[in-house]
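First chain A sits with chain B, and in the next complex the same chain sits with chain C.
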Partner chain A sequence: MTGPLAPAFPTVDYGALAPVLIVLGAACLAVLLEALLPLRVRGRVQLGLTLVAVVGALLAVIVRATSGAPAVSTLSGAIAVDGPALFLWGTLLALAVPSVLLLADKSVEPGGAFLADPVALGEAEADQQAREKAGVGARSASSGSSGRAGGSSGASGARLTGRGGRPVEGHTEIYALVLFALGGMLVFCASDDLLTMFIALEVLSLPLYLLCGLARRRRLMSQESAVKYFLLGAFSSAFFLYGLALLYGYADSVKLSDISLAAAGSLRPDSLLFGGLALLVVGLMFKASVGPFHTWTPDVYQGAPTSVTAFMAACTKVAAFGAILRVFTVAFGSTVWEWRGVLWVVAIVSMLIGAVLGLTQTDVKRMIAYSSVAHAGFLLLGAMAITPAGLSATLFYLLAYGFTTVALFGLVSLVRGPDGEATHLSAWAGLGKRSPVVAAAVTFLMLALAGIPLTSGFTAKFAVFSAALADGMTPLVIVALVVSAVAAFFYLRVVVLMYFSEPAADGPTVSVPGPFTTVAITLGVVVTLLLGVVPTAVLGWADGLSFLG
Partner chain B sequence: MSALLLALLLVPLIGAAVCGAMATREDLDRAGRIVGLASAAVSLVLVVVVWSQFATGPGTPRFQFALSVDWIPAFGTRFALGLDGIALTMIALLAVLVPVVLAFAWADKLPPGRTGSGFTALILATQGVLVGVFAATDVFLFYVLFEAMLIPMYFVIGRFGGPRRQYAAVKFFLYSFLGGLIMLASVIGLFVASDTRLGEGTFDWTALQGMAAQLPLSTQIWLFLGFFAAFAIKAPLVPFHTWLPDAGAEAPIAGGVILLGLLDKVGTFGFLRYTLPLFPAASQELAPLVLTLAVIGVLYGSLLAAAQTDLKRFVAYTSIAHFGFIALGIFAFSSQSLAGSALYMVNHGISTAMLFLVVGLLIRRGGTSAMTEYGGVGRVAPLLAGMFLVAGLSTIALPGTNSFISEFLVLLGAFPREPVFSVIATVGIVFAALYMLWVIQRTMTGPLRGAAVVGDGPGAASAATFGGDTGSGAGTGTGSDADESWMRRTTARFGDLTRGEVAVLAPLVALILVLGFFPGPVLEVLDPTVSATLSEVGVPDPVTPNGVPR
Partner chain C sequence: MSPTIYLLLSALLFAIGAVGVLVRRNAIVVFMCIELMLNAVNLTLVTFSRINGSLGGQIMAFFVMVVAAAEVVVGLSIIMAIFRTRRTTSVDDANLLKY
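Moving on to the complex of A and B:
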């Protein structure tokens, strides 16, 4: 777009950038509203604004994708709005809808997960007990429990009120944070130069660190997870930046296409190129929780509020793999034979770590975390095959995996003991008897993660594995299939516990989800089923996309 | 025409959905079971209609009742169904066995919190998926249904099974799932190969058959091994068999009949439909390996069957021996042995179903599956013992029973090409007589023992042993009195077959005898498919048209 004679101010294709502008604009607006609006209405307005922004941006993506507008590189080539970018944007925004709904739900936990101060927490609990005494709180299906966890106010519209009628509000800034993180993700997977990518990485990461720690009034672990995530994340950002610097030294440019050009036919020393690539990849793999850069994943997944975990697990993975795909294809596609061997090892390590350590987990959230590490390995298979089939398979996998994960975390948040969520596996024994619908949904999603046919998990795995096999990665595919069988064991263990074991006497209860959570879970389950049975439309969209440059 | 096949697939699935919807309501239990039986009856009628319309003359297409619609164009998969003779006989066997097991399960005591309609739903779902597995003519569709059939059977074992059901269900699932995943590698491999050779990726069986046979031998061998792993686990060949005794022993009787009688047949069916026609060169190259495993299976299964002390595990091990025979017939590549194997698949389904059901009737009375807890059952329940004998003799292929024809055909057809393997396998027949007659002798004849005496479940074991000791050892004047009084007590508690139970077994007894004397109609349906398979493998038939070995 901008040659040497172009004016100093870069041309901006507002139409192409509309989704990003909508989300980031709404994020700024949300910050203003946070300061200006009275506490009483803040939560509702923020939620409305967030949903409108996300859905609006999603519509903008759909309009753009269906209009057949050509791929453009805009903002002086900083952002490329091409086919894969639009697909990733659509995926991210579509996943953001159920994630935001889970964040907003306050029916499962009185006052929501994000209570702002300890006084409010006390009030919320007192209020809940008063409601139960008065018989207002609708008891959930099981009656064998004690304490506040047993009850759940049926409708999310029923707002808690503290002393003197003052509404008890959680952190309403979560919405602004989510919007910023989402905006960062959108830019991250569309950025066409490394510097933009780095800034986007920071924009998406910082709000996530905060979100992880925001449930600290409920659980100390939340705070711990935020610190861990922040410290390790800062390291990985440093790696990324160092790699960027080396690559700049090599190619004299941070643009992906320039790096590719420089690598294609130059006599410059390769050590800068591959050193830079290695460091860059460490940063990217960290975000995508590919083993062995996964160490933060189980702790953070377990510690963060479950709704934040859902958002993080689904959307961060999409954004990170989107960026990985772009970097591999655009910047390093010409040198693929020289670095792919290393990534073979990374992929195998990731799959093995995920499957083997997943076997030993006794906590549902940690188990899903290790499962996500194994899935990252599978995704890497598709991302490494620098072919159109590999690209479309990876894109499809991201969409399928995201919806399954969001719905699964939504369900995890429903199973509650006296001290909040009961995520220990033993607490899930006999769930099939207590709550057949929840157990059936969890079973279906577990089967999807295991990759059983007629679920999206199978379609996605099939696409990725066939792309990898066609690109000559047969040994990797064999490892992946064996790992799938091993991983199936721990998914099945949950099913065994739920259906074949007798429930514990003082087991947890299953809260009746509010409308927001119900919608989010239903959406995830339906998409998982549809993508398993009739994936044609989405596969068709993913097929034939190609990066610009 | 093809609507009939679609109906065969959908009727059980719809029945399963209706029963499943009723499964959570205890009060609808009876209604759910009736819906299930009705659905099974409709399937049976449909099969009869399809059988009568199935053309067997020369020049019939490879697949009849064919149906094909686009499913996932991006992968080149189609929802394609079609019937050949082998698939039709398997589906017919399924349609006969499902009503029988549902009727049998009517009187079963269920574990607490489980409903009969839930069980019916799972059995019907298995039936529906199995029809799809046998009828699929698209390799992708076959794979999908191959894995999907694990799920209802997993819940049948896990929810309705014996004390170690969790272990058995997970073992069953993981073994089969692992085999399926290895097959998936080969399925993808076929797809990729078709993409490069035919210009576009396809899963159509006919297209792949033409293409895959041209692949170089090394590629064929790798792809063959992937399919072989899945099928060898499913139709358990030693050493991939260890899940079967566990699953068979822990499954409820009705579920076990479907598992041993039909689900496992998918393995041998897969050999006939996929490994042989798709990879002819590899099949011939690796035939000695498979034949070795098959013969080891015959001997090992027979010997271990003789050593079992648990009736259900006993039946499972006899099946392993029989699967060895079937595999021997398939990989001997002659028209007689192939036809024998295909017929064996039907006959083994009938005999094993009968044997497993009789064992179930025994367990229903005695409360345990331990052989040592039974003795002299023939004295208190002669009809039951008679049924056990019929089932047992059919299992060991006595002339005049159905299995004789098929076992004879297998050995006769295998001998010209593989004399050594055939002779060794023939030893298995002797072992079969040994294990079966031994069990009949121990449980059905001799002095009354164990559960047959007190008929009160496993807890009664010690009292029973005590009684047996005094009865035989002391031999004093009071001994015969005591014998008499036990007789009276046992007749009260350990009754013979009721009319309903006889009615459940009657169709199977009839099939055993009818197919023992008149296998013609079934062989007639199998023959065109068998000769098609043989020509797809591309080896000369060692048997001349008039049945004499060359």
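Moving on to the complex of A and C:
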């Protein structure tokens, strides 16, 4: 068919897109299997499918990266598969393996960390107390216990324990949700135009909102974190979208390279360009939990099931910073001197908030959340230096930070009290005497977060700071070093607490993890050590990558 | 009439939505304000499409609508779940996680 109305189909480079297609295809298949398979085998099949898809996609990335295939922009310029994209894909998929293993673990929490019925009240008595504390107990008890809630508490009890007292299997659709989120992340950090980026942002966010609300224990906190994450996430993506619209008005296109071209010479007012950039950055910074846009981070990290937090903390950060790097470099690299001053402030605020508020935390998960805010500030330092060194340092930092965080959350899930995880710092007192191996692993990971030599944290920070210094950001690097020292205090406080205080008589127990959690934690610890001792292989790969366009 | 006025209108709608998110207490109303923001963006996109004389903006408005619909599904289910355990949708009552 030829002629003026013949549709011009975009060419699709299936080879380059293979990792994304594998993950999203497996996600669709997982939804189908969810409907067709009997409950008995569903969990195992879904887990197998997820792991096969993630590992298969990882292999596809490795094949592509080693084959020396040139960088392509495919799907009529919607997705760019270039060096940084492949590195980020590799990072995301490699982090997804331990995350999925943590999600699938049923040895620590009988039946898994997820509830079979999302609206059931849950089993922990702590929830009841929390409800009363929240002041909704009286009314709902009187109106609900006679009717719906009375029925549902009996029913949910039965649902939770099942026949013979064995805990009922939790959700199996978490695997489909995780695959969709992962697919969204893969597209997010490779998208070459803002509309694709926005769709990917939603594809990665919506499953995460749901995953946050599915905890088996502490239902109210879990649901609260889901609501907060959802409302704030939707709010921030509206800002992202308005930024997209303004940039479309400025450049008459949302392709990153076209925006860069238009910025070089357009008749439109610059207020559209910089207004659009500012709104866009708000949306991106929210996802990366940078600076003043971090308010959801501690609440969601604490309320979500720990395995979901591990996935979210590691992978979302990678995807968001991948997108930030691409937007800054490809679309706004030519105007860097106009906007960088504002980001200086954002980076400083982020580092200060992370370090200072991290000091005051009494909950381990919240503390790691504030630490992630501080780390986001460090990462922004590398992302702002629009240089090859800054790019490779940021990519390396993301890989190192991701593995450390996944392993750390895996360890957090092992320390348990009578009503689930004991995340309060006081419960961790004397852990070194109770369980030397877990305490040693936590110590090592805390040192990595603090950036002590021989851990990946040191190498990553060194790379980022030297890239920032080389790009003339000396004052920022000084602030970052001071903040690192402050943050080291609260990491080391945990270490001191574990080794130098007496365990309480009714302290928490440390569960013996099953194979899944053991593998995930071991992987995280080993990668953290390897990247600290012999970082050259990965740094070499990250070096010399450049964005297309 | 100059299409610029629609840009001002959409900016106003966006601002109303943003203020609504910040001041309203009911999760459903907060959510409706977010939808208002998304639709304000749609108006911006369509207006720029007219000003630029290209169709891209109108196509993008459809994408935004689809995303907004998906967001409604997920959002309302989350709000429903929290309503069934707490018997309230006020965002002020969800206060177990703080500081």
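The rule we apply is simple: the second predicted complex is superposed on the first by the 489 of 549 C-alpha atoms of A that agree within 3 Å, B and C clash if a C-alpha of one lies under 4 Å from a C-alpha of the other, contacts with A are read in each partner's own complex, and residues count from 1 in each chain.
By definition in this document, a contact is a pair of C-beta atoms (placed from the backbone, for glycine too) under 8 Å apart; a residue touches a chain by one contact, two chains touch by 3 or more.
Keep in mind that this is a model prediction, so the values were computed, not measured.
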| item | value |
| --- | --- |
| Which of chain B and chain C A:A234 touches, first, second, both or neither | second |
| Contact breadth on chain A, by residue count: chain C or chain B | C |
| Touched partner set for A:W339, first chain B, second chain C, both or neither | neither |
| Chain B versus chain C as contact partner of A:A245, first or second or both or neither | second |
| Which of chain B and chain C A:L195 touches, first, second, both or neither | second |
| Chain B versus chain C as contact partner of A:D299, first or second or both or neither | second |
| Which superposed partner A:E224 touches (first chain B, second chain C, both, neither) | second |
| Touched partner set for A:S253, first chain B, second chain C, both or neither | second |
| Footprint overlap on chain A, comparing chain B with chain C | none |
| Residue ranges of chain A in contact with chain B within the complex | 392, 433, 436, 447, 450, 452-454, 458-459, 462-463, 465-466, 469-470, 474, 477-478, 481-482, 484-485, 488-489, 492-493, 496, 499-501, 534-536, 539-540, 543 |
| Chain A - residues contacting chain C, complex | 118-119, 121, 130-131, 133-136, 139-140, 143-144, 195, 198-199, 202, 206, 209-210, 213, 219-221, 223-228, 230-231, 234-235, 238, 241-242, 244-246, 248-249, 252-254, 298-299, 302-303, 360 |
| Residue ranges of chain C in contact with chain A within the complex | 7, 14, 17-18, 21, 27, 30-31, 34, 37-38, 40-41, 44-45, 48, 51-52, 54, 56-57, 60, 63-64, 67, 70-71, 74-75, 77-82, 84-88, 91, 93-99 |
| Residue ranges of chain B in contact with chain A within the complex | 24, 71-75, 113, 143-145, 147-148, 150-151, 155, 158-159, 165-166, 169-170, 173-174, 177-178, 181-182, 184-185, 188-189, 191-192, 195 |
